[in-house]
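This is the structure, below, for whatever I ask next.
Here the chain labels run A, B, C, D, E and F in written order, and each chain numbers its own residues starting at 1.
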Amino acid sequence: MFVQALLIGLWAGLAGIDQFNGLTHIHRPIVTGPVIGLILGDFTLGLMAGATLELVWAGMVPLAGAQPPNVVIGGVIGTAFAIITGQDPAVAVGIAVPFAVAAQASITLIFTAFAPVMHKMDVHAKNANTKGIDHLTYIQPILLFGFFFIIAFLPIFFGAEQAAEIVSLLPEWLINGLSVAGGIMPAIGFAMLLNIMFKWVYAPFFAIGFVAVAYAGLPILAIAIVGVAIAAYDYFIQDNVKPEPVTNTQTTIDDEEDFSDGI
Amino acid sequence: MFVQALLIGLWAGLAGIDQFNGLTHIHRPIVTGPVIGLILGDFTLGLMAGATLELVWAGMVPLAGAQPPNVVIGGVIGTAFAIITGQDPAVAVGIAVPFAVAAQASITLIFTAFAPVMHKMDVHAKNANTKGIDHLTYIQPILLFGFFFIIAFLPIFFGAEQAAEIVSLLPEWLINGLSVAGGIMPAIGFAMLLNIMFKWVYAPFFAIGFVAVAYAGLPILAIAIVGVAIAAYDYFIQDNVKPEPVTNTQTTIDDEEDFSDGI
Amino acid sequence: MFVQALLIGLWAGLAGIDQFNGLTHIHRPIVTGPVIGLILGDFTLGLMAGATLELVWAGMVPLAGAQPPNVVIGGVIGTAFAIITGQDPAVAVGIAVPFAVAAQASITLIFTAFAPVMHKMDVHAKNANTKGIDHLTYIQPILLFGFFFIIAFLPIFFGAEQAAEIVSLLPEWLINGLSVAGGIMPAIGFAMLLNIMFKWVYAPFFAIGFVAVAYAGLPILAIAIVGVAIAAYDYFIQDNVKPEPVTNTQTTIDDEEDFSDGI
Amino acid sequence: MEYNNQNEEVISNEIQDPSTEKVLTKKDLNKMVWRSLLLQSSFNYERMQGGGWTYSLIPGLKKIHTNDHDLSNALQDHMQFFNTHPFLITFVQGVILAMEENKEKRETIRGIKVALMGPLGGIGDALFWLTLLPITGGIAASLSAEGNVAGPIIFLVAFNLVHFFLRFFLMHYGYGMGTRAITVLKEGTKKVSRAASIVGMMVVGALVASYINLSLNWTIQAGEIPVDIQGEVIDAIMPGLLPLLYTMLCYWLLKKGRSPLTLIGMTIVLGLAGSILGVM
Amino acid sequence: MEYNNQNEEVISNEIQDPSTEKVLTKKDLNKMVWRSLLLQSSFNYERMQGGGWTYSLIPGLKKIHTNDHDLSNALQDHMQFFNTHPFLITFVQGVILAMEENKEKRETIRGIKVALMGPLGGIGDALFWLTLLPITGGIAASLSAEGNVAGPIIFLVAFNLVHFFLRFFLMHYGYGMGTRAITVLKEGTKKVSRAASIVGMMVVGALVASYINLSLNWTIQAGEIPVDIQGEVIDAIMPGLLPLLYTMLCYWLLKKGRSPLTLIGMTIVLGLAGSILGVM
Amino acid sequence: MEYNNQNEEVISNEIQDPSTEKVLTKKDLNKMVWRSLLLQSSFNYERMQGGGWTYSLIPGLKKIHTNDHDLSNALQDHMQFFNTHPFLITFVQGVILAMEENKEKRETIRGIKVALMGPLGGIGDALFWLTLLPITGGIAASLSAEGNVAGPIIFLVAFNLVHFFLRFFLMHYGYGMGTRAITVLKEGTKKVSRAASIVGMMVVGALVASYINLSLNWTIQAGEIPVDIQGEVIDAIMPGLLPLLYTMLCYWLLKKGRSPLTLIGMTIVLGLAGSILGVM
């Protein structure tokens, strides 16, 4: 079992990277299913389990960074258990979901904890050290690889119950708390953005954008359209009302002065 | 039966014109009912059938050009069959509705097919040929007369079943397709309007009007009010920021010049 | 019973004042209950009846001047009858509510009828007669005292049935009519405000505020935020487009003139 | 204040005879009220009431623009898309005739016309189609149902009293209002035409989103997953996207010199194709 | 920059004594906090808290405007429609007193006053009537229900701690904020009064649509067809139409010289008529 | 036209080397397409894709800004909050690179970047996550379910055809569009940067209200009365109040010189506290 668990772990690691980087979507159950099938020696069952799990995860996609139950772990563990235990793929879903949910929480956690790395990057940016930025860029993918490897390896190697116990060691309040913190975190990003962008003259537009979402529930595109409309109007009227170039008058006066002098 | 069918056809033709031109509403079942009653020799039954059909068609009115099941054909055929077959007016509704729906489709079709006539009118407009416009104006009413005459005459003359068969000859996809086209057609009208009205300075207002309906679902009146508010604001600020008339200064300078000259 | 009814009346009068002036909230059932209990000799029962009635009236508060069933009368009469008749406080609610509703109607009536007093105040304001305003200010509290005294005294003294009869003498159409009038009345206040504030240049903003509530149902705060945003934008652009101070040029010209004179 | 305007040549703004005499008499106005009965005589889905609207104005326009160039300009302008409630049309006529008589800029006239037609359409539908008609019809029906011949008579009288009173009253009222408004707005014609265009363009934007009926009725069955293209995809991107895109396509084709007839053909083909494929 | 303003004479903008000394002491402000307890003493449906609001300001206004003409102007101005949450009133007092002391234009003061009252009304209702009161009341009730005399005591203490703390704190806070704001905005009084008026007018427009309770409860039975006049007709034309029209009617009558008392009489007659006819 | 701007020093607007040569080749652009695959490589909840976005631009920025001061400025600027759909990213890259190459003001670049990211995020999610993926996945699943090995193959091919075609096409399309737009907008850089900032700030305002997930899940049981703090109190005052306040708090702390790391610590403590107390 060790070799197979190892192979599955490696695949999960790759898929885990692909879920966020590359996005070729080899990480979806439809692909992962047959791959696991191959590893565990039952390609067709893997294919079919992958199909079932693909449908379960249809529409469960990360919007604006919010993580749904993890599709990689769901696909890998679901298929593996379907083949190992010889259960119907539909039953395997039940086994896969708690692991997928745990992975979801952990990734939220990783994305929360990763914020400080940005500040390392800031320093490199300040120093125009692009190599430094490049290097920092590779950290998270490696981390994700390790993480997905472990989460996939353990339950295959030790069996689901033992693995579930290990998973359950993560305290609820911590996971929940970090996920709450993750939800709030963009406020810092916006504050930093405002720190650069904010001028009092632009404050009214911030307010209008905010009200349009908070009260009227308009989607961002609608706000951007209205924003462009307002900006264009503003652009045009500033044009219209450009005061007559006074320089002209000034020149006349200067000429005048010269003239008087000349007398 | 021929004379009666003829008379009914004539009345339907008149009513058909009135539905779009004149709008005295002699075309509503409440009036059409007793008229058909008179023709077919049972005034009271016509009166009562008209009342029933009037209620059926209450609220079925053409909004923004969209055609409901045709009230003229519904009223005429409904009443006629109620009297001829001696059925209860309520039953007559069931017979009238398919004809009314077919007429609805056909009128949509006529209004779709009539667009090219506008381009004849354009030519006359260009040539300031008002007589030409006048003449083209009379085409559609005459057409409507003929159309309603036939649609009313046939089923009375041949009997409902035969007529229904004829009606059903129109292929579904054609009627549906033309009605879809009719729904899209105003885009051309707006494009032509924009072709004349559009300037980039006004584009922001187009965008705001569009967003206000598409996203916020505001009715046109609300948009017009906001539009007037914006226009008035714009009007006033253009006033405010009118640069001080430079002519004044200019004059002083000219005086100056004269004065200097005078020395 | 007379002394007790008198004491209860006095307390109701005070509470009636407190409901609108002072607002220390001694008028809530939670306080009124034990006080009535003391007066009628069963403090604990009063305390508990007060608790029950407090919960009944939770959330029944006057928003934007609209009167809910009167909490003072509800609390006083509810508690008193609970103690006198020895009924369960929950039953007392049923007795209290009609009186509370009658009091609600009467207060709406008082607030409607009180509008003319404002015009007395206007005269004093015009004459800068602050003493006059002060004196008029004390009228309504005194009136409320009397009103609440009577409404509380009568049913305790005569018993609920007799009192209910007296209450029912008020004709329905009158009470309803005055409350309708009260609902419309703010229009006069706004008209007077507009009479002072209105200028055509500001009309667009009035229109936008109106549309935002009437059509989009936005709350006042949202409108105020957008209003501040618009006002700020307007403030800033007026800044931007301020025509170059012409005085400057003017001065140059004057200097010029002097200079020429000097020659 | 130079907005690059490539359309100026479409309908020229220039007026050859700018004299602004009062030439319309009460009789002229009344004549045009009668003509307004044919407002929908050329109804079609491209311009809706544009033809009938022009027809209704002809006597006035002829008297105002004795110069053929100006008349042609006016006629061409009015021939564009127009739609409002048929009972309120005379109000628009009145206002517009006063402006024509005063030789306002075509741009201003157009802006006001478009700004009026949208709201009046909605108001008229609410007042007459959805209120006056059901009320008079309902009362008449309850009489007729008892065999009372008064039903249809009362209906026709009551309904048309309102109807014709409005037509005549609104023509003269609108004309008066137009005349008065003009005197007030006289000063800055450039500014007034800008204001009219602002409102007009907002209304056109709103009409594009509300008048054009173009949506897909198309659900892709991807294996077991149904995907509703209109509801789940297009509307998620932007509601009203298709009407907007189609209008822009038409506008672009017109600019490219394609004739409106081509666009009509294209639209009909589109409709038929959509119908045959079962996706519209 | 001449906006034709025919109302200037209603309450003159002119200040006879424009000296801007700091005359208000902490004691003065505290005195006006106590007066603020009578904010609703003259509550009525025409001006709501207008009378009590003026009453609450009197000591300050007298000290600031030693000139009778100016005092009269201020009093008349404050006597207009006013309504906000009674616990937040002292914040408005503070801001306005700072502005009065600085002899800001009446227009500006009015604009700020109106701009503040609307939002603070809603916020206060949410915070105090719908949160603080149920919470303190609920806790107290659960004590009282067990016969514990601490119930009412805890209620009164907790509630009024918040209540009176707010009154005093907000007065001084508002006054400080007003004073600071003024220094910032000093430069362009014309522009500031314009900004204040913009927000004020938007709030008034919003209040017209939300405060006036005028709708028909009237269903016409046209034969068998029921027509709900408010829901199907008026709202289809424009929601809030009746409040708007009635406000405009009142405004027009005031302009015509009718006294507000006449309007009150008219309104009561309307209410009674509506009630008797059963349509309101 | 002096807007008091205290932030100018944060990222300087000054460009030391303002020469605007065309230095980017097709190859450079393609290289950056490949880099764009790591857009989410540093994903985190503070700046989301800010790090990966900067990473993806590095080859271009280095070639454009040969001056270290300018390069540092650009890198710091791009390192800020960024989030959009990963498949549409190359379009933003293209536009921004064209602007960088043209040495537009940092303010303008920032405004355009922010203005693009919000709408493209929503559009991309609708098009790719919620449409393309379920459709290709669904079709493939129905093949796989029958044991047909074509399922996964067709899925990968079809999906990535669209995916990679878009990445390459949009990069060049965006770059071309950016270049063209610049020529049009050339004249008034001050006015263009103002316009960009207006849209950018509106989008940021909107994102604050929609991206930050901060609400209380807290019901106070006051005796028998349950008070839902979020639904009945906070939302009644203002929806989105907490996200707004928290953003303002962070902004204020940054201004006070606190480091972003402190803010992250604070946020995590807040999250944990909220979680332990069970109110978030």
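Note that a residue touches a chain if its C-beta (ideal position, glycine included) is under 8 Å from a C-beta of that chain, and two chains touch if they have at least 3 such contacts.
The model shown is predicted, which means the values in this text are computed figures rather than measured ones.
Undergrad: Would you pick out the chains that touch chain A and also touch chain E?
TA: B, C, D, F
Undergrad: Which integer distance in Å separates the CA centroid of chain B from that of chain D?
TA: Comparing mean C-alpha positions, chain D is 10 Å from chain B.
Undergrad: Taking each chain's centre as the mean of its CA atoms, how far is chain A from chain D in angstrom?
TA: Each chain reduced to its C-alpha mean, chain A and chain D end up 49 Å apart.
Undergrad: Chain A to chain C: how many Å between their CA centres?
TA: So the centroids are 51 Å from each other.
Undergrad: Which residues of chain A are in contact with two or more other chains?
TA: 55, 58, 200-201, 203, 205, 207-208, 210-211, 214-216, 218-219, 221-222, 226, 228, 230, 232, 234, 236-241, 243-244, 246, 249, 253, 256, 260, 263
Undergrad: Which positions in chain E are in touch with at least two other chains?
TA: Within chain E, the residues that touch at least two other chains are 3, 122-123, 125, 130, 134, 137-138, 140-143, 145, 223-225, 237-238.
Undergrad: Which chain pairs here would you call touching?
TA: Taking the chains two at a time, the touching pairs are A-B, A-C, A-D, A-F, B-C, B-D, B-E, C-E, C-F, D-E, D-F, E-F.
Undergrad: Give every residue of chain F touching chain C within the complex, in rising order.
TA: Per the touch definition, chain F meets chain C at residues 1, 3, 223-225, 237-238.
Undergrad: Quick check: in the complex, which residue numbers of chain C touch chain B?
TA: Residue positions touching the partner: 200-201, 203-205, 207-208, 210-211, 214-216, 234, 237-238, 241-244, 246, 249-250, 253, 256-257, 260, 263.
Undergrad: Where on chain F does chain A make contact in their complex?
TA: 3-5, 7, 10-11, 37-48, 50-52, 54-55, 58, 61-62, 68-69, 71-72, 75-81, 83, 86-87, 107, 110-111, 114-115, 118-119, 121-123, 125, 129-130, 133-134, 137-138, 140-145, 147-149, 151-152, 155-156, 159-160, 163, 191-192, 194-214, 238-240, 243-244, 246-248, 250-251, 253-255, 259-261, 263-264, 267-268, 270-276, 280
Undergrad: Enumerate the contact residues on chain E facing chain D in the complex.
TA: 220-225, 227, 232-233, 236-237
Undergrad: Hey, which residues of chain F end up touching chain D in the complex?
TA: Checking each residue of chain F against chain D gives 122-123, 125-127, 130-131, 134-143, 145.
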